[in-house]
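Worksheet: the structure to be examined is printed underneath.
Going by the order they are written in, the chains are A, B, C and D; count residues from 1 in each one.
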Amino acid sequence: MKQKIPVGILGATGTVGQRFVERLADHPWFELAAVAASDRSQGKSYAEASRWRLPSPLPERVAAMTVSAAAEAMPCRIVFSALDAATARQLEPECARRGQFVFSNASAHRMDEDVPLVIPEINAGSLSLVPHQQRRRGWTGAIVTNANCSTIFLAMALAPLKESFGLEQVFVTTMQAVSGAGYPGVPSLDILGNVVPDIPEEGVKIERETRKILGRTLGDSVEPGGFAVSAMTYRVAVEDGHTESVSVRLSRPASASEVESAWRDFRGPGEVAALPSAPERPVIYLPEAHRPQPRRDVDMFDGMATLVGGLKPCAVLHWKFTALGHNTVRGAAGASVLNAEYAAARGLLD
Amino acid sequence: MKQKIPVGILGATGTVGQRFVERLADHPWFELAAVAASDRSQGKSYAEASRWRLPSPLPERVAAMTVSAAAEAMPCRIVFSALDAATARQLEPECARRGQFVFSNASAHRMDEDVPLVIPEINAGSLSLVPHQQRRRGWTGAIVTNANCSTIFLAMALAPLKESFGLEQVFVTTMQAVSGAGYPGVPSLDILGNVVPDIPEEGVKIERETRKILGRTLGDSVEPGGFAVSAMTYRVAVEDGHTESVSVRLSRPASASEVESAWRDFRGPGEVAALPSAPERPVIYLPEAHRPQPRRDVDMFDGMATLVGGLKPCAVLHWKFTALGHNTVRGAAGASVLNAEYAAARGLLD
Amino acid sequence: MKQKIPVGILGATGTVGQRFVERLADHPWFELAAVAASDRSQGKSYAEASRWRLPSPLPERVAAMTVSAAAEAMPCRIVFSALDAATARQLEPECARRGQFVFSNASAHRMDEDVPLVIPEINAGSLSLVPHQQRRRGWTGAIVTNANCSTIFLAMALAPLKESFGLEQVFVTTMQAVSGAGYPGVPSLDILGNVVPDIPEEGVKIERETRKILGRTLGDSVEPGGFAVSAMTYRVAVEDGHTESVSVRLSRPASASEVESAWRDFRGPGEVAALPSAPERPVIYLPEAHRPQPRRDVDMFDGMATLVGGLKPCAVLHWKFTALGHNTVRGAAGASVLNAEYAAARGLLD
Amino acid sequence: MKQKIPVGILGATGTVGQRFVERLADHPWFELAAVAASDRSQGKSYAEASRWRLPSPLPERVAAMTVSAAAEAMPCRIVFSALDAATARQLEPECARRGQFVFSNASAHRMDEDVPLVIPEINAGSLSLVPHQQRRRGWTGAIVTNANCSTIFLAMALAPLKESFGLEQVFVTTMQAVSGAGYPGVPSLDILGNVVPDIPEEGVKIERETRKILGRTLGDSVEPGGFAVSAMTYRVAVEDGHTESVSVRLSRPASASEVESAWRDFRGPGEVAALPSAPERPVIYLPEAHRPQPRRDVDMFDGMATLVGGLKPCAVLHWKFTALGHNTVRGAAGASVLNAEYAAARGLLD
């Protein structure tokens, strides 16, 4: 058995940071070697600093680890970043300059033209931007990003349709869980029995990132997908799981059963399917009425699947349906970890 | 002062029935003279049969009224109907045959070609179907309906846009309150911390009714509006207030300030604005970010207003925004009462 | 008509501060002349600084007022304080030294032996501590406090029992609304679908304050009530309204109907009942099963009543029942305003 | 390997019935051979009849099983009953007469003097009532019951205290999850943002059953524990997990660390600890502040543990604390299964 690769987490105490810990504490390839957070947490044990909030128990080994400051160098080849955008903008390049591979959930560099925005089932090839990024920036490490939580499930639901039928227009309304805003995040007074429109910056991220992920990698940059995306975003009183109402216009007509088959048959590259964090199938079509629902379906395949259901003809575009995924797992920490696994499997980190 | 018109309520004990009671107990023109419900309630006091669930106190006079069976003739010129569709299909025509004017919230007859589907601010003129209905069916009374709760706020938000700019396409995703399903209605196990897609029959109602309301009354029938509507519907953990994510393509371009002005300036006919239940303004544009929200805004103008906000350009159609209204007030009982007020003011009931 | 007394609010932008504004904006005796908050808000309009969150509209006159810093002297004889304990400890004495009467919802001085802790229906006489307080501290103003939100409803439910039957032991478990923790307050991730035990410091406050309120004022101090109180506290996913499960041992036996009569007949002094903010009756016994409930009953008598219900024999003590009240109205801002009205009516402020 | 014992479930489609299926589908000793429900479900597949609502996937083998009518004889030595009380009163004796062992979660026979009410960690010996029951009733089978959901966690938290220090008085206030009311159960309109006092019959069950479980089996009946129990019950907006605020008077003084040790050291008989469904430890004391909480802690040890925390001195009795458990697992289906495992291990079913 190969030796495990030491990895660290930036922003390890927050909502996404805790999901990173959960998924890395017992990882077959990676060894969680360092946890870093804001200065306030520095020097504390992870147990004390994190005030662990996940239902799964805090792994004992991690509980005892000492939290270092985020700005300090961690002794790891791989760094997972759950930093907020502003801090990420500053610290992630420092890591990459030092020779670390940063797998980042932060939005800071997602749209940089030489930074891969990766969902390996869809655009694993975009990792070919890494050498361009290194050359251009003079780094020995690199930054690799995953998309915004809402974007990932949308892109995953759209990828099979684009591949099979082409894609012209996408309209999406999201109903997003409170865990997406971190902790303390959404005040209970704002959301109990309520729906809050227009999550700040979320709509724009969905519109831009979906087109980059479903675009074409051309040498040292990505040409965005040639389809229009319009997103409206809402916060709802759900703990985990973003629900999306989606309508699409395809480039050529497709029947309901063709659309469902496209989802059912979608696999992504075989080498992705073999990764430790990869879901059995990336997209699951639920044929039952009134599905998917966040409380019932969000943990399917360990939170790594994208669920779709309720396919119906759309009187304005072509087809409409509901998509759903676990926003802090497949939509955040799990996505970064899968990207790192893919990069490791491809020898990119050697 | 004129004598008040005696009115009755069919289905008086349910969620919408209670709203009827609340709005009629102290009405300036109408005198609540009879409350009817299913056989199970017959002969009980209204207090006992209704298990009153509204936050406002049950009016004492009504509490003491005896509930009659829905099938019995009530001694009233006006009957308000909160019946389910199947019962309405059977009982409402009997009332109309007897000479009663039925103002119905039930879906049973909304799409009948000789039955007015009325939002008086928008299509008061459709009451001209009544004499055709009476002639054709040999009735001395009539059935006048209001739309499905979600349809009303959508139609109200669209009417000023259609009037000013013309309307081509509408995409709407609803996030609907549990009170819309009546009582006991939605089991708590289904909705706590959850979102449930595809409320049965709701999408189709929204699509058809919106086009009838925004259509043209031509002699003895209505030509539906010549625009496409696509609706997706979701139930959320909100008590009162349906939130709608709406996107529209207009017939001619309009700037944001033109759209906002169209809403702000929309009034409906002056005789409607003067009715006792009419809101000060039918459509309120809220300029603040993250509005409207059901818990904060649903009771504005006594629950009779339609709130819109968050106008933004849409990358697929033209403009997108959020609409909101109180589903059991303006979306149900309040809508029927306003229709009856209008009919009374126009002398239709004389 | 007498001229209105100018009043100011310290901590005017928070959850309780907004309730103060709501209740003072149109008060028959008081004129809201100044709003103060933390330095961060200084110089902003109240509308901007407060981000108004109540369902009632922000009064226009107040919206336009400029927020001053809390440490600045306000030109008012009466100051209402919604400060946190630490700030109150520092600023309230400065106000009193300046000659202002501080009616405070803060916990900082409640248990000071020369500071009245007042529920006017119960212990109006404790205002006689004011001259002692002034003499002892060399102040021309004074500090008058109301109790912790949970304490007020408990004390109100107990006062008629103590008066009629004597009181030996009290056991209370609270289920408290999130608005009691202010804004942003309780993170939604902590409370959605959850119950959180042991609100910090709450149990101790309830135990001590209840005994002070139901004690005897003896010259310059208060002898606490000679009964034991044990409190356990829980946060629940309710917006407004603290529910309390209470069990009591009385000094002499009482039948259920005697207990209910004690509540029904309880009035407090006539001069209190005549105050503008006084509820029609301080304690309302609801005979219906499964009442009181926060969502249905919290707004009764404008949020100023204490509701009790579900009286049953207790196998350990004597009687057990449920009590409920509006935590930010009768349990906070409304309590302070009522205290000030009483002081004004008694000529204490002249 | 021994052959598995065929078992059936009465009331298999409801909330508790589904938990039975979940725990029996892959049981090491039992083979789920039959599922029965009301006539309405008869002849349908279990998948169709149950409308599976648990987050775990419906086991495929069970999905395809045909639901029989509850009144029909099932070909099983063991029958698990999730029937309502009225149906249980009628059908369970028929099963026992036929020679089946009924492990019942229904309340119908719990207080019958010859029916064991069992928590095996506490009163495994009460199974000695079975031969008396068989003789007296002329049955070859028997009825064995588990307690009401709230009772189980209370009895479990009290048992170590009674054993170590003796028990005099118990006061408990429950905050119960909606799943305890079954499906459809609690209407969302009743519980969203609300607390509802006085769950029907619940308080009385807790008071009686706790004393029977912690009583002494004397030949052919049980002498109830000689301590007083007073229970108040509330429904809260929680999906799974009953939280209980408990205060106790012990027979002899005990320090906090003695109480905590009593819980920590409590194990029950070794043969119980070895059963497949037994939790690692029956009672877990959580030392962290603000614990246990239903959403975080309910699934500990697969939902079979009782969690306690927040131990504090009580000013009225001696000690107070919070207890919590999973109401449909350890509080219902899991309890019945554990009882059956114990009976099988003891050779009672041979």
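Odds and ends about this structure:
What we mean here is this: a contact is a pair of C-beta atoms (placed from the backbone, for glycine too) under 8 Å apart; a residue touches a chain by one contact, two chains touch by 3 or more.
Note that the structure is a prediction, hence the values are computed from the model and not measured.
Where chain A touches chain B, over half of the residue numbers in use are shared by the two copies, so each contributes mostly the same positions.
At the far end from chain C, in terms of centres built from Cα atoms, lies A.
Centre-to-centre spacing of chain A and chain B amounts to 42 Å, using the average Cα coordinate of each chain. Averaged C-alpha coordinates give centres for chain C and chain D that are 42 Å from one another. Chain centres here are Cα averages; for chain A and chain C they lie 47 Å apart. In chain D, the residues that reach two or more other chains under the touch definition are 53, 192-193, 237-239, 295-296. Looking at the complex, you find that chain D touches chain B at residues 15, 53, 178-179, 183-193, 237-239. Those residues of chain D lying in contact with chain A across their complex are 53, 55, 192-193, 239, 295-296, 299.
On chain C, the positions that touch chain D within their shared complex are 169-171, 173, 175, 192-198, 203, 207, 228-230, 232, 234, 236-239, 243, 245, 247, 289-296, 309-310, 312, 314-317, 320, 322.
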